[in-house]
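In what comes next, chain A is part of two complexes: it sits with chain B in the first one and with chain C in the second one.
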Partner chain A sequence: MSRRFLVLSAFICVHLRFPLLPAQDAPAIIEETQRRSRAPSRRNDGVLQVIDARGRITEKRWQVHQLGSYGNSKTILRFTAPPEVKGVALLVVNHPDRSSDQWMWTPAIARERRIAIQDRATRFFGTDFTFEDLEERDVGQFDWKLLGEGAVDGAPCWRLEGRPKEKKVSQYTSTLLWIRKDNYVGVRYENYKKDQLVRRLNLSDIERIQGIWTPRRWEMSDLARNSRTILRTENLQYNVPLKDADFTVQALRREP
Partner chain B sequence: MILLRLISWPYTRKHLLRSLLTAAGIMLGVAVFVGMHTANQSVLFAFHRTVNRIAGSTELQVAATEIGFPEEVLEIVQAAPEVRVAVPVIEAVADSGRQGQGNLLILGVDMTGDRSLRDYDFESADESIVDDPLVFLAQPDSIIVTGEFAGRNGLRLNSRLPLLTMEGEKQFTVRGIMRSGGLTSAFGGNLAIMDIYAAQKVFGRGRMFDRIDLAVRDGVSLEQCQAALRKLLGPGYQVETPASRGQQFESILRVYAFAIRINSLFALFIGMFIIYNSFAIAVTERRPEIGILRALGATRGQIRTLFLGESAILGLLGSAAGLALGNLIARGIAGQIAGMLDAMYGLAERAQEVATDPRLAAAALAVGVVTSMIAALIPARNAARVDPVRALQKGKYQVLSAGENRARRLAALALGVVSASLLLWNRNAWMFYGGYILLVASAVLLTPALAVWLSRCLRPVLRRLLPVEGALAADSLIQAPRRTSATVAALMLSLAMVVGLGGVARASVGSLHEWIDTHLNPDLFVTAAENLNDRSFRFPADMAGELQRVTGIAEIQMVRTARVPFRRTPVLIVSTDIQVLERRVRARVIAGDETEMHRLAALGEGLIVSENLASLHNLRLGESVEIAAPAGLLRLPIVGVTRDYSDQQGAILMDRAVYVRYWKDPTVNVFRVYLEPGASPEQVKRMILERFAGHRRLFVLSNLELRAYVMRIADQWFALSYVQIAVALLIAVLGIVNTLTVSITDRRRELGVLQAVGGLRRQIRGTVWMEALAIGLLGLILGLALGAVNLLYVLEVGRHEGGLILDYQYPYAMALLLLPAILGAALLAALAPAESAVRGSLVEALEYE
Partner chain C sequence: MRLALSVLLAAPLLAQDFSHRGFLETRVTLYPQTTRGDSGRAVGDALLRYEPSYKASTALQFAASFEARTDTHQQVERRWDPSWQDRSRRRPAFAVRRLSATYHRGRFTAEAGKQFIRWGKADIVTPTDRFAPRDFLAVVDNDFLAITAARVAYETRSDSLELVWAPRFTPSRIPLLHQRWAPLPQDLPADLELRDAGARFPGGSQFGARWNHIASGFEWALSFYEGFNHLPLFDARLLSFAPPRVEVERFYPRLRMYGADAAWPLRWLTLKGEAAYFTSRTLQADEYLLYVVQLERQAGEWFFVGGYAGEAVTASRTTLGFSPERGFAKAFVGRAGYTIDPNRSLALEAAIRQNGEGSWTRIEYSQAFGQHWRVTAAFALIRGSPADFLGQFRRNSHAAIALRHSF
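Entry: the complex of A and B
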């Protein structure tokens, strides 16, 4: 069983099946959540909207291909709009035991570059997500506690708290998450720095696609900046025929 | 204090002009000292500030000299557990293309991580740029400029900014304007930010970075991180704090700073003589006054204190004026120093603020006051020794300035012997400079005796020119040698310095010409930057093939020059195809066999070093030297030493293959182009420009243009000697005016009697003029003679401090030019005193007869 848990990914959806075994404690709930969302591959289009404090909206569109999941996944993300970023592509190779490797392809200078995000609190290309928010976290590096139960949009949920065992593991002091009891989909994440809530993520528009319950809409709010980012997936398909050779730096250079 | 107010002030007020001239002596010394130091410090400060501002919160920087290193090194550094953040940087200086705006420092950074170290505070920007580095990275024409630069050039968001890149002129788009403060004040605001990968392309860097800026992980000390990275990367990489980047700049400025110190010292020394002279006048003129004071009960100590107090006040006033003038001088020459550094080393740094350091100002004031008091010591002592009875006896003058003593001559001789001994047993810098100082002291002590002897020799000549006036003038000099000796000594020292610097300039020009003839003999030079020392832009090596296809070109030599640290000094590496070099260049070999050295160097089995490098680091033929390079430690023997003026810090010539292997850098700075017989350089130049027009930034210099460029740099360096010549002329005027005033005061009775027995005003004037000319001539003769010895020392200083090895060549042309200049200045200085002599009251002059 993988020890990694995806807090959030634009590329991962949560697998839904009614619980075979009702989870009794926090680690078990997390493990079950991971198991249900697993898929060998997928592709989708996406729209990313950043709404700043003044209500201005910037929008980008992309196409995502992913192979594997939970710590061993490889993803290629190509921007398709607006024109100023069209063609820019990002390759993310996740590893089970260390931070992901990332490369970016910039067609205008015909060059790939390695992106080494060392400060994981850095915002992901102007969105309200940080790079850490998009990482597949190692479950084992957190102490999980079941705080009780609650409801999100009327759906009964388990309320869990994750605290990093070591300070350097996360920019956050703690994360509260709500996992729906009916489909094991994480629907709300609240990230705290000390006792201050700094970011909140809501997942909604949950649909069952090829047997996997998948949230179609993510909304991350940065409470300090008073801005939010909405991510919508479109045309999502699981189990598409993809191979390792499609996820290399050479493949990154090949525009579709 | 009361004495100063009652006695000194009325006298000063009466002789205001002379007092001002005296203060001018100190002012000049302090001004040269303050001006040159301030200019130097301002350029250095501007450099440090630029480094610090650009560094942001960078704690350590990884570099492999100015050459850069492959991109892969970044991953190694980022993976080090001691490192929290590491970001790559390319720094390049490009012509802003805007009239009067100079160069633009372009910082190529990776925006995805750079904000962890640098704060980009935008006053206006495309929102997507501010928030989203993706847009900035996706569009390689993106450039961010500072508010200052935008304001000066009327740039706004989305304005187009043309820059001459390695691919020809390209239009960049201003996508962000940074708010003033912090980073933006670096390089005087002429700063722009680009994406690092776009910068690689623009500046022809291939897949190399210039340096890595990094911050250390919490809980890890700088020293721990430094040690870990040094171990990880090997000796070819420097892991230093941003502040230590200034060390290279400082070491380059060291030679210049040394020349400044010597000049300042001379200026102060000469100022001292002027003060001495002025106080000698004052004591002479105020003898009756001193006699009265003594008769009224003033002690010798009080008289001495009175004169020393006057000198202190004068020194203070002169120093204060010198501070102000020095600041003006600094403003004038800071730009010149920056220009010289830019031309010689490709280090462009403009000093935006030229302000004197308060500590330097305090030191200058103290030095000015102390120098003034030291200079007044002997006149003050003489004043204290005035016999009140003799001073008050009408018609009896106690002539203090007459006479010459044997003890001084013996002391001079002894100092001369010690100086020569120190020079002979020259074991270290202390012995060398000690010998130098003693030689100067010996010459100064000997000046009165030599002045008398020379005056005697001159007497018949002067008599022949003007029988009465000439004889009187010569007699005046012979009878009171100490009266004139201060001025003669000041002139002598000043001219000796001029001869020293002039000799260096002459030898340098001669040697430079010889070097240019032998080394810089290609017909054309194809360079990536207008300034040959600017290594911001580089060519890819494969450009040689394309260049070779231009009709008329017989042979091309690829040259890559780069500054690397060698034994803690930045020296120049010159890498080229040694076989081609051997065929084309006949260097002056100082050590080693020419054929053998080229054979071994071409095989990559040896290095050829410049004579100045060998001298500066005591390198011997056959000695193995080590140079740390990114690919490891290059260890090769010295197979030859040649005379090579490529760099003031020294040059190491190696085969290109060795360089590429050790520095992993295949780029080229300059293509040396040899033409086929009969090919027209102008035509080939035009063809090269046409062939690469629009897609390659390049400059083609003809041999003549390159010669002019090298000589222009040399001229900038030797501009210092022109300052020295100006100081010498000023000294001549000031000193001679003072001396003649003393002379006329001393000889008032004699001149009065002369007029009374029928001497014409014309003759009196003529006497004063002849005396002035004679003083000028004495100073010239002794100065040119001492200059001959001084030149030896200056050449030695140049070798010791700057590794500048030059042949001894006395600057005869300069000496010939000095003759009319100094004599003209002497005559000019004599005009006012001569008028004063003929217009003085005859009754007063003969009052006691």
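Entry: the complex of A and C
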């Protein structure tokens, strides 16, 4: 058996197991991650459990509709339970070159309110997600660096660091991100303010839905408060018929 | 109305597109001091609100809100016939609070029926909010009333144009004449008998237009309103000298408004401003500019709003009137809120007149229990001189506790 044949066999074996990958620099990994999760639209229900430092659990439910992906997407998130927050809604309009625009609709006072950029470090409705955590992170808004490799729940991952570019206003100084090598799903985000880790997001229960590897369980921990929020997505569907006109400030007023 | 009502009542049969919410609330308000004509120190209220909505298609949906209430202080009618117009002096025992149909296609939205229309961006004083009459029975603790109107909106990515036509006038509900919140001069003779002669409601329609522009990082709006002031002026007629008897009748002056509002998020704070200039063809009505400049910020679990509400009168004609929105002008206004945890919050609101003649401060603690229950305790302190709009209510400082079950 010639040396050339051995090398060829090894090459074929490796790439049958792991498909051909683009160059393994950080932006390429992020771009591939985004490419694989791209969908024209999606909708899902979500069950949020907020668990405070004393272990007390508060449950909320919401419904999410999203049009577009990364950079140009629009999302409406509307609470469906508990009854006292039912109808409260958030519109997030993401932009490829700057921070998102956000408006919140409160049915009790029949008014929408613009969420200013400097207010987005605030917790969203008592959960451990801040308003900023609910916007998409487009690859172009961060400088990415490949730090190395690691494992999350036994799965081999790339470990990357993202720092917001000048035009991107963020409460976080940097984010460490773990992306699984086998399916390009981001499974852990660690958000830092200066050198201090303040929030950790773990994504798990990954399922392939309509060809897209999708985490079904999101767990955001606020390390300063010692509280965490578990978000479980239900009834997730990609490629649902949605219209641009359903993602406007006027649309916020129209409760489903 | 009947068609919309029957669609809504039939809607539970088509449950997938039917949703509803509501609450039952009981509240007790305690006043340490009595006032002229009102010796009551405790007021109890019970309110049931039910809000169904039905989506008939992707383009058409119906929304409603029904209320049933009672109280211990004769602020609620004792008759149970349903109220649509919201023109009674007392709160109706049973009311159709909202009943509207919304049609939406592309960038176009139309809503017709009884609905809430809110304009403006400021929080405590909103000069451009002309289609939002309120229930001012307890002046500092008020709620919005819906109006019967048709609203059409056309929206592009950065602009929206809203046109409103209200064929029938809905007034704000003002304090009852013989109760503690009635804004009566302090130097009235003790034996004076005041009689409520009702109201002269205007017959014409109202129209308004608002153009809102969303730019990168800030937004602004221009608005116009032609109609009537939902806050009344009074005609007082002397019926007899001895004993002194006076009859007071409400009327609602014509009003034209030119308004503007803007929100501009800066690096550390959001700057919001709202201004409206009011003119009137009614001879007894003032012409004036009302404006608000406020700064707001959320930081951690805190929420702050602080600003100044000002007024400049260009033609002074009014002798007797009731206007809380002008009563809160020439004042520093503020609000702060703190979220203790997902179930508990604290809030503080205040308005202090720039001449120091009147102030209102309210502190509120609210706590949720489980998915359905919430208790809210509040204390309001009112101080000032009898001649000041806020100060005249200085004997109305109160504590209140409310228990709400949401469903």
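Structural remarks
One rule holds in what follows: the second predicted complex is superposed on the first by the 214 of 256 C-alpha atoms of A that agree within 3 Å, B and C clash if a C-alpha of one lies under 4 Å from a C-alpha of the other, contacts with A are read in each partner's own complex, and residues count from 1 in each chain.
Everything that follows uses one rule, which is that contacts are C-beta pairs under 8 Å (C-beta built on N, C-alpha and C of every residue); 3 or more make two chains touch, one makes a residue touch a chain.
Every value quoted in this text rests on a predicted model; they were computed, and no experiment measured them.
After superposition onto chain A, the partners chain B and chain C occupy overlapping space and clash. Once the two complexes are overlaid on the shared chain, A:249 sits against chain C while remaining clear of chain B. Once the two complexes are laid over each other on the shared chain, residue contacts for A:59 go to chain C alone; chain B is not touched.
With both structures placed on the common chain, the touch criterion links A:84 to chain B and to chain C. By the document's definition of touching, neither partner reaches A:151: not chain B, not chain C. Applying the stated contact rule after C-alpha superposition, one finds that A:114 touches each of chain B and chain C. Look at A:106: by the touch rule set out above, it reaches chain B but stays clear of chain C. Set side by side, chain B and chain C differ in how many residues of chain A they touch, and the one touching more is C. With the shared chain A as the reference for superposition, chain C clashes with chain B in the stretch 96-104, and the other listed options (6-14, 96-104 or 240-248) are free of clashes.
On chain A, the surface patch touched by chain B in one complex and by chain C in the other comprises residues 50, 52, 56, 58, 84, 87, 109, 111, 114, 116-119, 122-123, 126. In the complex of the two chains, the chain A residues touching chain B come out as 50, 52, 56, 58, 60, 79, 84-85, 87-88, 104, 106, 108-109, 111, 113-119, 122-123, 125-126.
Residues 50, 52, 56, 58-59, 81-84, 86-87, 98, 101, 109-111, 114, 116-119, 121-123, 126-127, 243, 245, 248-251, 254-256 of chain A touch chain C in their complex.
Residue ranges of chain C in contact with chain A, taken from their complex: 19, 21-23, 53, 55, 61, 63, 102, 104, 106-107, 109, 116-118, 144, 153, 155, 157, 160, 212, 214, 216-217, 219, 263, 265-270, 296-301, 303, 339, 341-343, 368, 371-372, 374, 404, 406-407.
Across the complex, chain A is touched by residues 71, 74-75, 78, 83-86, 110, 112-113, 115-116, 127-128, 131-135, 137-140, 197-198, 201 of chain B.
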